[in-house]
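Okay, so chain A shows up in both of these, paired with chain B first and chain C after.
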Partner chain A sequence: MGDLSLDAIYKDFPSHRVVDGISLTIPQGCFYSLLGPSGCGKTTTLRMIGGFDEPDRGTIQLGGRTLNGLRPYQRPVTTVFQNYALFPHLTAAENIAFGLERRRDPDAARKVQAALDIVQLSAKAGRLPAQMSGGERQRTALARALVVEPELLLLDEPLSALDPKLRKQMRLELKELQARIGITFLFITHDQEEALSLSDQIAVMHKGRLEQIGTPQQIYLQPATRFVAGFLGAVNWVGDVGVRPELTRISREAPAPGARVLEATVNSSMFLGDCLQVETRTPAGDHIIAQIAHGLGEFRRGDRVHVWWRPDDEMALPQ
Partner chain B sequence: MKQRLLPLYVVSVYAFLHVPLLILCAFSFNSSRFTVWESFSLVWYRAMWNDAALAEATWNSLLIALASTVIATAVGTLAAYGLWKKNARLLAGSLYLSLVTPEIITGIALLATFQWAFRYFQLQLGMHTVILAHVTFSIAYVLLVVMVRLRTADPALEEAALDLGATEWQAFRLVTLPMLRPGIAAAALLAFTVSFDDYVITSLVAGVDSETLPMMLYAMARRGANPVVSAISTVILVGLGALILASERLQKS
Partner chain C sequence: MNRLRALFLLPAWAFTLLLFLGPLLIIVAYSLRTKGVYGGVGPPWTLENYVRLFDPLYGVILLRSFLMAAVSTLGCLALAFPLAYYIARSGRRKTLLLNLVMLPFWTSFLVRTYAWMFLLRDTGLINSALLAAGLITEPLPLLYNDGAVIVGLIYGYLPFAVLPLYSNLERLDKSLLEAAADLGARPSQTLLHIVLPLTAPGLRAAGVLVFIPCLGAYLTPDLLGGGKSMMIGNLVQNQFTSARDWPFGSALSLALMAIVMFLLWTLLRRDGGEML
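What follows is the complex of A and B.
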């Protein structure tokens, strides 16, 4: 057991460079997310750690042991695939037993039962993948990868195939499971909400490079680049300064001194359920959006207002 | 009007396709040797049953079909797997070439190859050359049927097997092969059928000891209408029809 470290990893595809010099260290026991838009190289990075692709340059180490050149079955790493890749001719229990049988584990039967219990699938042990719901398949894939006790679990967008309600529930289960068993999870996603809510650490990837590494708070509140700021949520830009809409206030009267204030005219007002979104335009032509709680006033198109925020909430990111 | 024409059209197409076979079938149960109906009889089936030369030809045909099916299915399946793994579209597409090559050309080419090879080895035309020839044309059928099955397979399945500790060979044996089983069985049935049916190529590369059932039928038919030929044909039709139906069932599952 130990930390996973990537050192200056490069990978070229025939048409372009997919991974362009990535270095990062994932502490043991960490829930770590690799977040980025599709095509940013996150899946290729995961595949290189799993052993399905080899980096052109750079080393991958786990607990000080170099993984480069090892076949997938020689690495103490398992994967939950995006579409689960369950073996269609095997039942849930047989899918879970597959890895243990390859290792000739004498305790396989008990471990399979324990794994089925952990993911609450004991009642569905005899079902084929085609007879299971999306959530059950997801749990089977999770149990199958965890039962062989890997040092590191790779998860390739494991929640993306589920419907939104189930996705939120599985998110909780995943977080709880990781806390309980304590092995390192490397989670690949393009969904910033998923990454923010699950992770201890997030690395944001863009065009094959790392844009920023940090805790969810750091990434969201102190983005290192304009890309990170924009990828994690909406931003109001005023020159080199950005501020999140939910930290932007709006009022008819001028606020108390100390705040950054702009005068603006209301363009539109929209009810979003959990908040009211007011879109305004300053005389300089900047669009400023404020998301405010209900009961803080009503705004109509053409109203003259003040939009303002605390200087602490500003993100200074030169273009 | 349209509603009435369509069934009529369907019936005539099927009649065009199947009436000759039905006539053949019917006259195999005729007591007369001529194409005039007398009465129902199994006399030609009895004659067929008691014909020693016919039994030998049938035995040869079965042996050749079985041997070439086993070899062609094994080789063809592995080849299909290799082409799929390497994503070799052009190579896979070129297989259609061997399906559209006229049989007579394939036969002549094989004969020329064998005769050329025999100058270096002390061998003659016989069962082995027929089996080899059948393997060469059956492989394309096997490949195409197995490829259809592979095209719907998720490449992540083998990766998942490797990920869980299986070697490449185990991943193939434990994951891909079971998934392909229906396709392989369908391919084998098809290979058996095309081998059992073949006349043109077989007649070119057969030796004195390897007369097959289609060759014998051809020889008998050339000597004039013979109800025994009708009886044999009926038995073959029913047998191969059952195999084709089974093959279709397997391909759908």
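What follows is the complex of A and C.
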């Protein structure tokens, strides 16, 4: 057991460079997310750690042991694939037993049962993948990868195939599970909400490079680049300064001194359920959106207002 | 509309009834008749021809045919599986490679079997080359034996094995192979536990498609076996030609058909009919 470290990893595809010099260290026991838009190289990075692709340059080490050149079956790493890749001819229990049988584990039967219990699939042990729901397949894939006690679990967008309600529930279960078993999770996703809510650490990837590494709070509140700021959520840009809509206030009267204030005209007002979203335009032509709680006033198109925020909430990111 | 449909289907139905079912009924009728003094068929009606099928003499030939067909089928599958696997994984060159597999069909089977005689005979290409290279002093007995027949059968029916296996392997999800490796399976274990079970329908289809024509083959054993390697197809041919025993020939071919249909039925039932 130990930390995973990537050191200056490069990978070229025939048409372009997919991974462009990535270095990062994932502490043991961490829930670590690799977040980025599709095509940013995050899946290729995961495949190189799993052993399905080899980096052109750079080293991958786990607990000080170099993984480069090892076949997937030689690495103490398992994967939950995006489409789960469950063996269609094997039942849930047989899928979970697959890795243990390859290792000739004498304790396989007990471990399979324990794994089925952990993911609450004991009642479905005899089902084939085709007879399971999306959530059950996801849990089978998770149990199958965890039962062989890997040092590191790779998860390739494991929640993307589920419907939104189930996705939120599985997110909770995943977080709980990781906390309970304590092995390192490397989670690949393009969904910033997923990454923010699950992770201890997030690395944001863009065009094959790392844009920023940090805790969810750091990434969201102190983004290092405009890309990170924009990828993690909506931003009101005023020149080199950005502020999140939910940290932007709006009022008819001027606020107390100390705040950054702009005068603006209301363009539209939208009820979003959990908040009211007011879109305004400043005389300089900047669009400023404020998301405010209910009961903080009614705003109509054409109203003259002040939009303002605390200087602490500003993100200074030159273009 | 229905009348129009019937009109268009009429030729196919007429063809099937007259030219497929008709001859079959004639064979059934012949098999129940008695051999004429100068060949041909005549009265009385009898089951004698079917009783003769159980003569150990013919049992041996039937058993031999099964054995030859089984060995050829296994040979075909063993060659076809890696080939189909390779083609299914070769991206844009798939079409080219598949066409190469089909290429032999562009010439007649008879001509290609003769070509094998030129390869295998004592003065043939292989023996001449080996003699010239000084590797042997006497020509190897390559032609006119069971080995030659099996080689000829494998050669002739290899494409029939490659195609169903290819279509099966092509549909095999590559991420399943990665998942198996990820969980600790070596390539041989992945083959045994994942690839083979998932391509079993293709293997069965390929096996049936090769086994059935091999069982009934008569051209290949006749030419490459040189009459020394008789299979049931040759026996049938014999009854209709030199033995002039059409009723017994008919009974033999119906028995062969019954065996083949039984095999097909067992396999089709297992795959729920989607095999072919």
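Annotations for the structure displayed:
Basically, the second predicted complex is superposed on the first by the 319 of 319 C-alpha atoms of A that agree within 3 Å, B and C clash if a C-alpha of one lies under 4 Å from a C-alpha of the other, contacts with A are read in each partner's own complex, and residues count from 1 in each chain.
Just so we're on the same page, a residue touches a chain if its C-beta (ideal position, glycine included) is under 8 Å from a C-beta of that chain, and two chains touch if they have at least 3 such contacts.
None of these values were measured; they are calculated from a predicted model.
In this overlay on chain A, chain B clashes with chain C. Of the two partner chains placed by superposition, chain B and chain C are both touched by A:Pro72. In the superposition on chain A, A:Gln212 makes contact with neither chain B nor chain C. Of the two partner chains placed around the shared chain by superposition, neither chain B nor chain C is touched by A:Gln201.
Within the superposed three-chain model, A:Thr44 lies out of touch with both chain B and chain C [touch as defined at top]. Of the two partner chains, chain B and chain C are each touched by A:Val148. In the superposition on chain A, contact is made by A:Pro88 with both chain B and chain C.
By the touch criterion defined above, A:Arg103 reaches both chain B and chain C. 50-52, 71-73, 77-79, 81, 83, 85-89, 98-99, 102-103, 144-145, 148 are the residues of chain A that lie in the contact sets of both chain B and chain C, per the superposition on chain A. Chain B meets chain A in the complex at residues 154, 156-157, 159-167, 170, 174-175, 178-179.
Here chain A touches chain B in the complex through residues 50-52, 71-73, 77-79, 81-83, 85-89, 98-99, 102-103, 144-145, 148, going by the rule given at the top.
Interface residues of chain A facing chain C in the complex, by the touch rule stated above, are 50-52, 71-73, 77-79, 81, 83, 85-89, 98-99, 102-103, 144-145, 148.
In the complex of the two chains, the chain C residues touching chain A come out as 173, 175-176, 178-186, 189, 193-194, 197-198.
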